[in-house]
Every structure is written in C-alpha cells, then in structure tokens.
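One chain, subunit A, links the two complexes that follow: it is found with subunit B in the first and with subunit C in the second.
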Partner chain A sequence: MSGETPHDRRDVDGRADVEIDAEDDGGLEAEEVEARVGLSYTLVQLRRDPTALAGLAIISVSTAVAIVASIDALLLDYWLTQTFWYHPELGPHADTNLPPYGVSNQYYDASRSTLAHPLGTDFRGRDVAVRLFYGTRIAITVGFTSTVIGLVGGTLTGAVAGYYGGWIDDVLMRGAEILYAIPFLILVIVIVSVLDPQRQNALLVAMVGVGIASMPTFARLIRSRVFSVREEEYVEAAKAAGVKDRWIILRHVIPNSFAPVLVQATLQIGLAILIIAGLSFLGFGAQPPQASWGQMLNKARPLLIPNPWFSIFPGLCILFTVVGFNLLGDGLRDAADPRIQN
Partner chain B sequence: MSTHETILEVEDLKTQFFTEEGVVRAVDGIDFDVRRGEIVGLVGESGAGKSVAVQSILRLVEEPGAIVGGEIRYKDDLLFGLKASADDPQERTEREEMLSRTEMRTQIRGREIAIIFQDPMESLNPVYTVGSQIEEFIALNREVPGDQAREIAMDTLRDVGIPEVESRYDDYPHQFSGGMRQRVLIAMALACEPDLIVADEPTTALDVTVEAQILNLVDDLQARYDTSLVWVTHDMGVVAEICDRVNVMYLGEIVEQAPADDLFHDTKHPYTSKLLASLPRPDRTVGELDSIGGVMPEAINPPSGCRFHSRCPEAREVCAEVHPDERPSAEAGSHHTVACFRDDAFDVGYWDSPPIETEASGGFAASLTAEEGESG
Partner chain C sequence: MGLFRYATRRLLQAIPVLLGIATITFFLSNAVPGDPIDIMLGPSPAQEQKAAIRAKYGLDRPLWLRYITYLGDVSPIWLSTVDGFPYVAPEFGVDLGRSIHFGAPVTEKIKERLPVTMLLMGSAFTFALVTAVPLGVISAYRRNQPTDHVSRVVALVGVSTPSFWIGLELIIVFSFYLGWLPSNSLVMPWNLPPAADQAGLLSVEFWRIAASHQVPVLQHLILPTISLGTLQMAAITRIERSAMLEQLSQDYVQLARAYGVRDRKILRKHAFRPAQLPVITIVGLNLTTAFGGAVLTETVFSINGMGTLILTGVLNIDYPLIMGTTLVFGLIFVLGVILTDISYAYVDPRVSYGDQEA
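== the complex of A and B ==
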C-alpha cells in the first residue's frame, strides 16, 4: 500500500475519474440511449404529440368532472348540484321531453326549449345535462376500477409466471388462456340474472367481470418483458445479495417491465368504459335511477324518432371519453418506443 | 498473510448443465481454497467455467444447470455437500448439515459472501437512485435502523472514492460513468461487511486507466476491511497486480495453482505459459502476438487425456491417452500444484512418449499461418 492516507487517494481518484468522463464519448452515447427509454423522455416526447395531448385534455376534463360529482354525491349528499343545479336522479325538474335549447323538429317546438335546461329534459322531466355530468362519474369509476383489478391481478400473475418460468409459468399462463376463452359478457349477464335478480350489484359485478377478463392481456404483456428483465445483472445482483424472490419481483422486476403495461392500461380504461356502457344499455350495469350513459341510451331507444337528442348526447359522451383514452394510449405507446422517431 | 485460517474450501466441485445437446461439464472437479485476508485469482479464457464456479459457491446456478458433486465449505457451514443415499448406493442426496435455500439467502448471500458482477452498466437497477440501492442491501444484511443505513451507505461511497457524496447520493445510475458505477458496486458489496467478496471480472468492461484506479482501490480497501477476495479474470496483468495466489482454469478444470509470484517466474503448465505469452508487453515489440492455437473445445465433449493436449505445443502421445490429475509439483521448494505430465510428480513416461501433431505444434491452424507467411 502507498504511504498516502485514504483521504488523499480518494480526492486524487475522484478528480481523475471526472476528467476521463469528459473525454469519454462512448459513455455519453450510452447515457443518451438510456435516457431515450426513461419515463421523463416518454413524457417529453408526449408533449410533442398534439393528438395525445388532446386525449390527455379530454381525460383530464372527464376525470375532474367525475371527481367533483363523486365528492358531491358521497360527501355532500348532492348539496352542490341541488343548490346550483338539479338533483341528477330525482325529478321532475321541468316538463318531460323538453328539446335542447333552440332545437325543434316536427314533433317539438323550439319555443318550449329553455336555457335553464340547455340539453333538454328526459321522459321524467329530469335535466339531461346534469345526468350526463353524473354519468361521467360512473364511466370514469368503472373504467379505472375494472382496469386496476385487471392491472394488479394480471401484472402479478404475469410477473410471477415470467420470473419463475417452468411449471409455475405453465400453470399460470394456461389459466390465463382458459380465462381468455370464457365469454365474459355472457358470464356477467348470467351471474347477474341468477344471483342478483334485483340487480342491486349489477354494476359491481360488471366492473369486476371486465377487470378479470382483462387480466390475461396484462399478464401476457408483462410476462414477455419479465423474461428479459429477469436475466438482467441487477436481478442477479439482488439474488446474490440475499434479497427474497418476492421482493425482487415487486421492487426490481415489475418496475422495469411496466412501460407496455401502462400503455395497455390506458387503452383498457377506454375499452372498459365502452363494454360497461354496453352492459348498462342491456340493463346489466348501472340501474335506474342512476345516471349512466349506457342506461340513458337504453331509455332513449324507444324514443329515437321523436327526440333523437336523448341518444345523441350520451353517445357523444361515450365517444369522446373512449377516444380520449385511446389517443393518449397510442401517444404513450409511440413515445415509449425509442425506435419511432417523432 | 498465508498463515490465516481458511474461510472457503472448494473440493472436487462439479457443476453441469443438462441441455438438449448433452451434458455440459462447465466445472469438472475443481479444488481451491481462500484464506482470510487473501486475494485469490481464478484465471482462464472465456468458457473455462470461471463464472459458473463462482456462481456455484453461492448456489446461484439455475436451471438447466446444477451442482452435481463435490463439497463447498465456508467457515463452519457446509454450503454444498452430498452423501450416498441410504436406500440406493448409486443415488446421492444432500447432506443434512447442508444449508437450506433460505439459510443460504438469509445467512450467506450478501451478509457473508458478496458478489461484484462483470458489467457495471447493467448491475444497477436503472429505476432507483444509487443511494437507495445501497441502503436496500444494508437494511437487508445488517441489523441497523433506516437512518443509520443511510449513514453507512454514504460512508462506504466516500470510502470507494465517489466525490461529493451528498449530492450524488440521490442520482440515478445512468448519471454515473462506468468507473463510478463500478465503485458503487464495490461499495454495495463492502457495505454489508462480508468476509468474502467474489469479483466476477469486475474490470473487464472498463478502460485501462479506470481499471488501474479500481485495482488500487480494491487493494487498499481489502487491507482496510480485511476482506478476502476471489478475483475472476482472464487478464494475467490484473492477476499480477493484485492476487496473492492464482488458480488457472482450463475447460472446467484447474490446471495450475501457485502463489502469484511463483506462477509468473516459474510457470509449470504449458497453458499458463501460453496465456502469459499472449499478453501484450509494452517493453517488447513483436510482429504478431503469440496466441494459443485453436479454440477451446466444447465442454459437452472434452478431449480425452489432458484436456489441453489438442492445443498444447508440448503434447505427446501419452497426453492424449491419460488424464493428468492435479498434483503438488515434485520440484524442491515449489508451492505449485500442476496437472501436467511434464512435471516429475507424474510417472507416466511422458519423456519417452513421441510428440504428436496438435493445432499448436503443426496441425491445421499452424499450416495455415505458415502459408500466409510464405505468400506475404
């Protein structure tokens, strides 16, 4: 050993290393490549993508609306909307079947429409606008909840299957394939019809059902990433340091395999909203008098000819929300893929 | 230094991989030991089985590989050991005193034996800060409260020469250079205060100036922390720099063991000589480096006799027929053990046996080079 104290050596070494860095072009390139796949890089890329930003804007607005509606319904007992607007479920607020403001056709006279009910009233005289506002709450809630169910279940299953491989992988992934083969819409309808004839919990069953149905997609997606991540040296290093498998999966494997799952989750929220709106339309989701878009469409069905606006407005709501999630999902996918040059 | 107790003892270790093409004998009966405070080198070409050997020590070999024989002792613990089964003498089962998988994980890995991996770019998790990763390992392997783990992590980072630790502590791995990351990995290994660190080619990915700094650092820290090291490398220069004793591996076997100085000045095995000869020397200008003819044979189907005979310039007929085990050299005052018939410890009639043509002495590869020489 040299006569220098450890402290001296450290300073000398530290400085020398910094100098080498500055000259080392290879190191810079590697850093750039790594930065291209990071989360912050993805977000920067996203900012350059106008369609994704439009999607993000739609989602932000609907989520904000849903949060306000939830606070009002759960904490304030509809105080907010009743004070400044109308109760979304109890009516009537005015005459039934009022047309939207300024709209007329051969059945309805525009003079009946009023600014107090800009989108008109429904067959029970309830304000359509406030019901659509509250429909956002159900759509966003079911979208997020069912996706979280699928995301958590699918990610854990797929990560465990991919990490251990072998028979564990076989069992879990065959299970996922069986799940794939089950027609979930029909299963939800059967379960609700048999177990819940009053359809008190139909929306819950629909949410959980759609969530479980989406698990195999997430499981497959993360499993294929885990196969490569588990061979990374930092996983090996964690094993060599005595870290438990469980902890390695949660802390080291899943975060490094998560990017494609996040993209899929965004798309899945839109899909879940669409499916559950469909179930509500069939009467197996949200129940009257709850204000849900699918259920409003259902009630509008026999009145399609005299007053088409009953179905147009909830339809547009569903369309915009789902398109919003899809735009953001596509944008995220492109931004997260370093091979696509924006 | 050599008077210290032996902490790691590997005896007749055999690790095999069961592939569709056949059984790969990656490690085929190696013996070596590590004493307290010593740096032991494990040297050989790519594919010699060095990495598999060190993974076997920590029982990190994964499917389709498995340790099939031998014994690994660490201090008073049996890390691996088999015994003949009571019912079927052919069948061999794990001994009762062998540590369970849980015991390996909680008592040995990280806590007693730590590994530093080859590639500093890949060995840190990109999604966490450097500091939090060291803290994680400390919290796991040392019974200390959270804020103290942070203190220890910072102190260790200072010890390995990371400048401005306070500001770099919460940086992510990609913000560090290769040399700095290797220092972080060394800090991660040291922070858990293991008695043995296995370094699996830790400087291979670094350029030589950084490599020299890291070697000095390791030498320094090793003395300060009184840790033993197993240093895996293919670089004889690194061996000369830091190792106390050296094991030379070829195709799953150790062919020569000696204190580092003896190995360089009194080389016994032709493979070791060829390895040394293939090292570029700045003080000698040569037209072409003296490489080892041929490539290492597949470990699925090793050559008969001495495994090196197909590439050995000294090979004689007996080398292709009889397999040399490793023996202490017969030379007086030598600390070598060697697996080569040229040593007097063997009495198999090497010197009476006629030389044979090999890839090194005059086989196909040699004839190719000769032709090139003539035409050029």
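== the complex of A and C ==
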C-alpha cells in the first residue's frame, strides 16, 4: 500500500475522503471505504462485540437504577423506597443506638420478610442494600455530569487552540499542561476546600472540580484532531466562502473529531466515578447522611474488622459499574478503528 | 552532547509550568475561607496574640506582596526580596515557608515525608512493571487464547477497582483473618535499630542487623504496594498488550517469520524494544494518578507520607504546607516526564533529542 496521498485518511474518521484510489485500499470500493469510517459504522460494529454489549447492559442497568432512585428522591419524597423498602438516609432503625448487624445476625422485621436486610444494616441501623441502590444514583449522576463538563470545556478549548494556533494555542496548552501536572485528586481536594469549606455542597463542587480537571485530556485529544482537520479542503472552502471561524469550528471541526472523543468520554465516566468515590472516601465528596459508595467505605473504615461486610459491597458496586464503562469504552475504541476489523 | 543540550532545554521549558503551579496553588490556597490562626489558637484568642502571629507568618501584608515574596522564596537560585520587592541576588536554596500547623519549616516536613512516599511509589511501580510487562507480552503473543483472556480480565478489573478499596480488603484478609502482614505505617529501610549503630559500620554484626531489618520493611510494604500498584499494573498491561500486537503485525516481523526466525526470538529481539515506547509514556504520565492514589493509600494504611501531609494542610488551612507539597508533586511530575522523554532515546535510536532539525 502506498498510502501517501494527502487524501488518504482511512485511519481517522474524516468523511470527506471518498476519492481514494481503488488499489490504495486493498480493493475496496469507494462507498465501502466511506461506510468503514464515521460514527454510524462504529455503532454497527459495536453490535457484533459481545463484551461491549455486556458493558452497555451494565450501564443501562445502573442508569435505570439511578433514574428510579432519582424519581423516588426528587418527585416522590422517598415514598417508593419507604413503602417497599427503607428510607436510605434515615433507615428503619436510625433512631436506635443498637450496634450494627451483619448478614447472619439481622434485625428481624415480621411485617416485611424474614430476610428483612439481605446485606445487613450499618452502624446507624440503616439498611445497607437500599443505600447501595441509592449510591448508584450519586455515582451515575456525578460520572455523567463531570464528564459533560470536561467534554464541553475541553473540546472548546482544544478546538480553539488547534484551530487558531499561535499564541492562543501556546497559552491554552501551557494552561492544560499546568493543570495536568497537579495531581487530579489533590487539585479537586484543594478546589473543594476553597469553594466549600463547610462541605454543604461538597459533592457538587467535587463534580465540577473533576470536570475541570479532566478538561486537559479532552483538549489535547481534540487539538491533535483539529490539526489534521484544519488542513482539509472543505474547511479551506468554508473559509474562502466567508464562513465565520466560530461556525467552522462548531460545524466542521468538532463533528469530525467525534469518534475518539466518544471513546475517551466513556472511559472518563468510569474514571470520574472512581475519583469521586475516592474523594467521598476522604470526606471531600458526598457527606454523611447521603448514600454514596465512597462515603459508605469511609464509614466502614473504623469498623473494618468487626463488620467487614460494610466495606465489601460498596466496593463491589463501584467495581461493577466502572467495569461497565470500561468495557463499552474499549469496545467503542476497537469499533472506531478500521484496522482492527477483518 | 545531544543529551545534555536536550535535557537543559527541557528543564528550561519546565520553568513556566512550575511557575504556573506555584501561582495556581498560591491563589487557590489563599482563597481558602477561614483563618488558619483561628484554627491554631482555638476558639477565642486574644487580639494582640493573633496580630503577633499574623505578623510572624507575614499574613498581615497585602496579597500581591505575599505572592511576589513567595515566588522569590521558592525560586531556587537568584531571586531575592526585600519587603516583597524582588532584586537579583545570589540566594541559593528553596524556602517554602513555615507550616502553620506544625510550626516547622515546610521543607523540613517534606524532607521527612518525601522518602516515605517515594519508597511507596517506587515499590508500587516496580511491582506494576515486573508483573505487567510479562503479562502484556504473553497476552499479545497468545492472542485470543485462554491466557490472553485471563490477563485481559485481570487488567480490566484492575483499572476498574478503587485502589483504596483494594487496600481495605487486603487489610481484612491478610492483616486480620490471616494475620500475616501488618496493616499500618511503613518501616524505612535505612532506619536501623540502635544496636546497629553501636556495632559500627565495619562490623559483621552491623550488616547482619541491617539485613534482618529489611524483613519488617518488606512486610510493611507489601499490602500498600499492591493497593497502589494494581491500577498501574492493569494500565501498563493493557498498553503493553496493544503495543506488542501492533509490533507483531508490522512488516519486519512478517519478514523475520518468513526467514524462519523462531517466535521466541522475534518477541525478544525484534518486537519487544519498540513496543516499550508507549509503556514508557504511560509510566511518566501516570505519575500524577499515582500521587492521587498515594493520598488514598497512605490514608488507608496510616502512612505518614506526602499524601497525608497535604491532607493535613488542607484540613488545617495551612497555606504554606498546601503550596509546598503541591509544588513538590508538580516538580516530581515534570522531572518524571523529562526523564521519560530522555529514556525514549535509549529504547528508540531514531529519537535524536530533536537537535538535528535545528
């Protein structure tokens, strides 16, 4: 394969390059080459990948749980969980000072079932299972929101830096470099303690902080893609036709860089869930009455030895959810890369 | 020659980054609401006492003056200040200020804590590389066979597990149920028991004590190392596998195969070296994630390292401590990335430190 023509960009997903010489692409017809790039092709490929579908299934389940929990908390004022289960933050035994009980030695509640607390109760007599259920809500919300913040902020900065180049690029990329050099977790800890010393909205601040801290990753990715898209003829043409820069970036540059960003965003959601769990564990994320997995692990720490089940289940929940995002992210990456197909 | 010039240029490029880190941490930590003096002196301190301490730490001066003084203090070589106004004078050494919480110079605290974190990180990355590189190579070599599937699952679970949770579970199993390993703090390999000093450096007894001292050192290191290193191990395994797969599909490998070179030899002599480039990159870049992980791991295992030091700083609104530790983290990261770039050339002879084009 020669592959030296400036038009040959089959490795990336640029849609403009249909005019590839027939012998250049190993006998594929032009339409076939076009069909091999782009987002729709990626999604078609994804359907053939069982691991990616497993990831998608995990994400769907977690998101569904998160939506049910959100509706219950925001619209129904915990009516759903209280009727069929227990209040996640007050719990059935919250006012008693009884010691925590494990799976083998539960509170017995005749009005419900013999297995009233399948995963035991915590140090305040709250049901662990219902708190885990509610923890999904925080994890999913925080993961998606912070990634959207990082995605939008990073994409815009990266696109502007890559499109204009010059000193704007220098300033923005040095900024990204500085942001990148401070450890992610420490940066967010400092941001949380600056913006919310009383930790009233610590989770919200942490979410925004993780979003800001993930901006450099997206900015770099988009910037390198912009460098290649910028030289495309249709961008030249748009410029010559007097289209505004802002419109060119939004209409041509960003959409043409979408596939790698989607891969990164999927992986970033998993990472954000891990980081927020770590922050909550240190006390800089979700705060005590809230049912978050990291917060539950924090409360499990002093009771680690007598009550190990406190720490086992929240960790497994984090693991399960993050595995889902990583599976889908890996699947998307493979599907977006035409070289891997056979 | 090329190496020296390249390293110098990279170090010069690092200066604006470090300046940026110093600036960000200065303004961020000074924006922390609350008064560190209040925290230090308790609920209702006398006004004169407060004023005296504010003056002692220079907190009574305006923000911009403090910023300039701070930059002058942290710059290692030439900038000096009188009442905040910079002038060029040969002033050597770094002054990171005094920690308000500890009442001691920040540099002193960092000197005390940094070796602990470095030992932990070094041990974690050693563990990660020693396990991940063979795992990734075997995984690529036996692609889509059971070995590959197992190693991919291990890597997937590794990148998806919170490091601090691994630490908690390891404590439950190995410290509590099995009672094999200690669960708190580290023992430094060079903190020998007093009997060693009495024996003297040249005696056989000294070396016997020093050797037996390494047993508790290792025992304390094992659990935190696994806790911190698992994420790195998994990340490196994934990179190693895909890099090896890419090399194995290259034309030169096909050619070697066609010549009848045996697979083992192809792996060892041809494909392995070029596949290490992305691995080197990821190790350099993952230094920051590992620092974040160190904060969590040190908390779980009650280790007095840099991570717990910065947490102490944040919880006590100790500006100098926050600024100093963050700056040191940034410095190590920048140096790590430069070192990564330099080590590229050892692996890839085509890299020429970029001075041909100049």
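Just so it is clear, the second predicted complex is superposed on the first by the 280 of 342 C-alpha atoms of A that agree within 3 Å, B and C clash if a C-alpha of one lies under 4 Å from a C-alpha of the other, contacts with A are read in each partner's own complex, and residues count from 1 in each chain.
Here is the rule we use: a contact is a pair of C-beta atoms (placed from the backbone, for glycine too) under 8 Å apart; a residue touches a chain by one contact, two chains touch by 3 or more.
Note that the structure is predicted; figures quoted are calculated from it, not measured.
**Student:** Thinking of the overlay built on chain A, is A:Glu233 touched by subunit B (first), by subunit C (second), by both, or by neither?
**Tutor:** A:Glu233: touches subunit B, not subunit C.
**Student:** Figure out whether A:Gly166 sits in contact with subunit B (first) or subunit C (second), or with both, or with neither.
**Tutor:** Only subunit B is touched by A:Gly166; subunit C is not.
**Student:** Go through the superposed model and pick first if A:Ile305 touches only subunit B, second if only subunit C, both, or neither.
**Tutor:** A:Ile305 contacts subunit C only, not subunit B.
**Student:** A:His252 in the overlay: touching subunit B, subunit C, both, or neither? Say first, second, both or neither.
**Tutor:** After superposing on A, A:His252 lies in contact with subunit B but is clear of subunit C.
**Student:** For A:Ala181, is the partner it touches subunit B (first), subunit C (second), both, or none of the two (neither)?
**Tutor:** After superposing on A, A:Ala181 lies in contact with subunit C but is clear of subunit B.
**Student:** A:Gly242 contacts which: subunit B (first), subunit C (second), both, neither?
**Tutor:** first
**Student:** Can you pull the subunit A residues that subunit B and subunit C both touch?
**Tutor:** none
**Student:** Contact residues on subunit B for subunit A in the complex?
**Tutor:** Of all residues in subunit B, those touching subunit A are 58, 60, 63, 105-106, 108-111, 114-115, 117-119, 121-127, 136-137, 140-141, 158-159, 161-163, 174-175, 177-180, 185, 188, 192, 207, 209-210, 213, 216-217, 219-220, 223-224.
**Student:** Can you list the subunit A residues touching subunit B in their complex?
**Tutor:** Subunit A residues touching subunit B: 1, 6, 9-11, 13-18, 20-21, 24, 27, 30-31, 34-35, 38, 165-166, 232-234, 236-244, 251-252, 255-256.
**Student:** Quick check on the complex: what are the subunit C residues that touch subunit A?
**Tutor:** Interface residues on the subunit C side: 16-17, 20-21, 24-25, 28-29, 31-34, 156-157, 159-165, 168-169, 171-172, 176, 288-289, 291-293, 295-296, 299-300, 310-311, 314-315, 317, 322, 326, 329-330, 333-334.
**Student:** Which of the residues in subunit A end up touching subunit C in this complex?
**Tutor:** 174-175, 177-178, 180-186, 189-191, 193-194, 197, 270, 274-275, 277-278, 281-282, 294, 297, 300-301, 304-305, 308, 311-312, 314-315, 318-319, 322-323, 326-327, 330
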